[in-house]
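Look for chain A in each of the two complexes below; its partner is chain B in the first and chain C in the second.
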Partner chain A sequence: MRKLRSLRHWFYERLGGEAVFSFLRKKKVPLHRYSAWYFLGGITLFLFCIQVATGILLLLYYRPTPEEAFESVRYITAQVPFGWLVRSIHAWAANLMILFLLAHMFSVAFLRAYRRPRELTWLSGVVLLALVLTFGFSGYLLPWNTLAFFATTVGTNLIGQIPWVGHWLMVFLRGGQDVTGATLTRFFALHVALLPALATGFLLLHLFLVQIFGISLPPSIEAEWEAQPERRKEIAFFPDFMARELMAWYVALGLLGTLAAFRPWSLGTKADPFAPAPAGIRPEWYFMFVFQTLKILPAYIGPLTGEAVGVMAFGLAALLWALLPFFDRQAQGRRARWMTGVILFALGYISAMTLYGYWAAR
Partner chain B sequence: MEASRQAGASKSSRRTFLELFLGSSIVASLVSFLYPVIRYLIPPAAAELGTNTVLAGHVTDVPVNAGKIVPFGQRPALVIHTADGRYIAFIAVCTHLGCTVQYRSDLQQIWCPCHNGIYDLTGRNVSGPPPRPLTPLEVHLRGDAIYLARSSST
Partner chain C sequence: MWVGLSLWLMVPPVVSAQNAPNSCLDCHQQLDPPLQVTPESWMGSIHQQKGLSCISCHGGDPSSTDPAEAMSPARGFRGHLSRRDIPKLCADCHSRAEYMRRFNPSLRTDQYAQYLTSTHGKLLEHGDQRVAVCTDCHGVHDIRAPTDPRSPVYPLNVARTCARCHADAAYMKPYHIPTDQFASYTASVHYQQLVNAGDLSAPTCVTCHGSHGAVPPGVTSVVNVCSTCHVFQAQLFERSPHRAAFEQMQLPGCVTCHGNHRIVHPTDTFVGTGSESVCVRCHAPGDPGYNAAATIAAHLSQLVTDIDRSAQLLNQAARSGVEVSEAQLELGQARDALMKARVAVHSFDVTTVDQNIQAGLEITRRTYRAGLDALAELRYRRRGLAVSLVTIACVLAGLWLWIRRSHSLSHAKED
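Right, the complex of A and B next:
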């Protein structure tokens, strides 16, 4: 026992434990009626860690060729002990991670947490969103099933509609003119090497910035606390907030385990590039609003195709969304109310178009 | 006074020169690293462009009022035996977003299930989002064998 304590002391001294713990003890988290929203980012981080762990496990058996990809995933789910569970957790955690990331982003937007001096935290978060969506798009193809094959054909074709650079970008993504084995190896390299490296880097930057600037207080709460200083309430990040966050992670893990065990992710049928496309092609749910918008646009708008106009409009909207902190510089007043309207519209549009997409595809 | 100012000016111009030299060396080495990487990332043009004639199968493979999809190089091609007994063929890639089209014997038309695009039997886009007609292929019957060839007119 004493040896253990002296060993701990040995590491404590050499790792600068004093500095770390005094920082953690000093770090405070405001406690108010919106505090529950502070958990979402942490849950997203937790799900990312699960993705890394289950992704490494899947790598032990997966083979990225058109001949073997589908068979190797079927081998994982049918033969490898608990393989079905590992794959199901990977697929479900991916979807939950995107869901929690979107919820985190909108809560940050509604609570105005992106305002000065946290603009770079927001921007690094937007980059992480783009990386996570690319993770989803590339991972979807890896089992090489019919739905994914044609969804990738349509998705990369849409990128090809962008004027000037589109065709070049499409050939680059596909590794040729068509979706083939070259596309599979490209998406595989992207999914297991490039994206994890980039995402880890931006994640560390994001967390580092959160540590520097601390946790943001919504303007409405800030005003209340200034008017009535006795209502100000904060808890220590360590161990009080950490304990609550861990509890939230545990709930997320429970939800994930339940979904993965009782709703195992299906595999579908093997992709055949020389078979007709099946009816009911649709993207993953988080691209549904884009898909549905493009569907209702006319074939041609001016000299461009409807798809090209739609893809460019979404690109512009994403850029403006990333620049949100630079438009919103006042806590109160007309400008602030206008910003709430913009954020509400974005949330409403995405939700409505997603529901419409599923309703139309019944 | 004059001499020292001159010395200062020559010092600063020497510094400027060195900075310029260092900067352009760094840029040049970056370009020489990145150029091969970028070239590596863009795949070489596929050899399948050379595909001109393909054996699609036997006439018994395609009954009357039915279609069959066969590989034409790396692309799928659709061979149709029409209700009036002709053989026609197209590249089976929808001109909208690249899904593989199929023959609908109930409509006697070519259908893309992804966005409900419809082409008639000349390959013309008649309904739905496709912006252009399908690329036609020539069909040659040699005995009982069906050969597809890249259309010489296009």
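Right, the complex of A and C next:
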């Protein structure tokens, strides 16, 4: 036991333990009726770490060619010890990560945590959202099954609708005119090299900014505590908040394990580029609202195709969403009701179109 | 007159039928049936499309609007053609290879020669004009190519065309042959394959009976007819003890067990000693054939049961999320072995059938094992999950207790 303690002290001294732990002890987390929302960012981070770990394990066996991709995933699922678990956890954690990321984003929006001086934290978060969605899009193709192949074909077709640069971008992403082995290679490189590098950089920036500016207080709580200072309550980030965060992480871990055991991710059938697209092809749930919107738009709106208008509209909406902190000048200390309406509309639209997409596909 | 007409017919029409005046059609479209010929029916005819006209068969002068002139024997008019003369008239063109090759070099020109050997042809020669002649099957003024789906001799339509006479009990009474062939055929697997599955290569009347040379296949030659498609079954039958026995008893091969027109999809109950079995029609309990039938049926049944058992287990594992696609693929080979065993039944030899049965059983043993292993893996996963969840619950409980303790300690400090 003494040897363990002296080993711990050896590393503590050499890794700047004093500086790190004194900062963590000083860092405070406000405790109020909205504090539960603070856990969502940490859960998203935890799931990202799960993705990295399981992704590295999958990398040991996965082969990114059309001839071997599907077979290597089948080998992982059927032959590799606990391969089924790693693969299912990777697939489920991807979906859960996006779900918690969206929940985190909307909770930050509703609680106005993007206010000055946290605008860059919000912007880095939006970039992380785009990177995570690209992770999902690129990773979906890698098993090279029928659904993945045609979902990628449809998805990259939509990218081709962007005016001026769309066609070039589509060809660049696909590595040619159609989805082929070149697309698989590209998406693999994107998924395991470029995106992780970018995501790590932006994640570190995001976490750094959260650390230096601390946890944001919602405007209503700020006003309450200003009026009644005795109601102010805070806990230390370390170890108190971390302990609670750890509980949430363990619950997420249990959920992942349960999903992997009871609803293992299916292998599907190997992609056949010469076969027609299966009836009712649709994207994963996090792209469903975009897909469904484009489906219901008319073929032409003015001189442009409905799809081009839809893609541009979503691009504009994403840009406005990223610039949200710069529109919400009035929220310093007061809630801007119109902004709440905008955020509610965004949440409602995404939810409704997602549900509609699944209902229409029945 | 016939020589003159033939010689006259050898000269191709100088004026294209599309452009030449046609008083025949002008008048006859206004008449009532049976003299009516509508432009729609004639324009759809392959004869019209190839440049023939009314005078090609009927003679006369279509350029004249005067009926007396148009239908004058002096102008070659032959009038209504007798049924007896129709085959020969058609053969004047259709039997001449050098004439027909300008229209379709691959078209056969032996239809008339075949017709003369057919039951229809022979009866016609003896003066029976109720039998089928060319126009009965191919049409009169609206003759279409046999590859045209609207033709009465298109594969999908052949049976119905034959049934116009052969299903008419009153019409067929003088010939003392059954008239239930069409009804039986429509209940058959061949008809289902042709009509429902759209397989134009599935047999219809002409496949077994011939078209122009239509005769019922003989007792000894019916196997040859069936063997054009069912090659393996026929080969096995030829080498089986049934071949000589059937010949001796004047029983037709294939038809004795499977029927001729109402050939239904055989099931495993055809073989064996059950009430639906065909074997018991001849074989009595105790004789070698009876015992062989019982053994073959039992072995087939065992393989079917084993395949179903493996499939059920593998499906259960697959539904639960365990990857068993390789085993399911392998089970397909067991189904192939079953199919081969069912074909091998036509050898009527237990050893020959068992070669395929044993191969199938070996596969089902492996796939059943794979299914059991998959379910064991599933139970292992669920147990592992339970252990993990208990561990997680313990950690959560520990953390919660630590948080509570930490919370009460900090309250005590504040006090």
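One rule holds for everything that comes next: the second predicted complex is superposed on the first by the 348 of 362 C-alpha atoms of A that agree within 3 Å, B and C clash if a C-alpha of one lies under 4 Å from a C-alpha of the other, contacts with A are read in each partner's own complex, and residues count from 1 in each chain.
As a convention for this text, contacts are C-beta pairs under 8 Å (C-beta built on N, C-alpha and C of every residue); 3 or more make two chains touch, one makes a residue touch a chain.
Quantities reported herein were computed from a predicted structural model and do not represent experimental measurements.
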item	value
Partner chain(s) touched by A:296 [first = chain B, second = chain C, both, neither]	neither
Touched partner set for A:279, first chain B, second chain C, both or neither	first
Contacts of A:223 with chain B and chain C, given as first, second, both or neither	neither
Contacts of A:264 with chain B and chain C, given as first, second, both or neither	second
Which superposed partner A:247 touches (first chain B, second chain C, both, neither)	second
Partner chain in contact with A:158 - chain B first, chain C second, else both or neither	first
Where chain A meets both chain C and chain B, residue numbers	none
Chain A residues within the chain B interface of the complex	150, 153-154, 157-158, 171-172, 175-178, 180, 182, 273-281, 295, 299-300, 305-307
Chain C-touching residues of chain A, taken from the complex the two chains share	74, 77-78, 84-85, 88, 239-240, 243-244, 246-247, 250-251, 253-254, 257-258, 261-264, 266-267
Residues of chain B touching chain A in the complex	41-43, 46, 69-71, 74-76, 92, 94, 97-102, 112-115, 129, 131
Contact footprint of chain A on chain C as seen in their complex	321-326, 381-382, 384-385, 388-389, 392-393, 395-396, 399-400, 402-403, 406
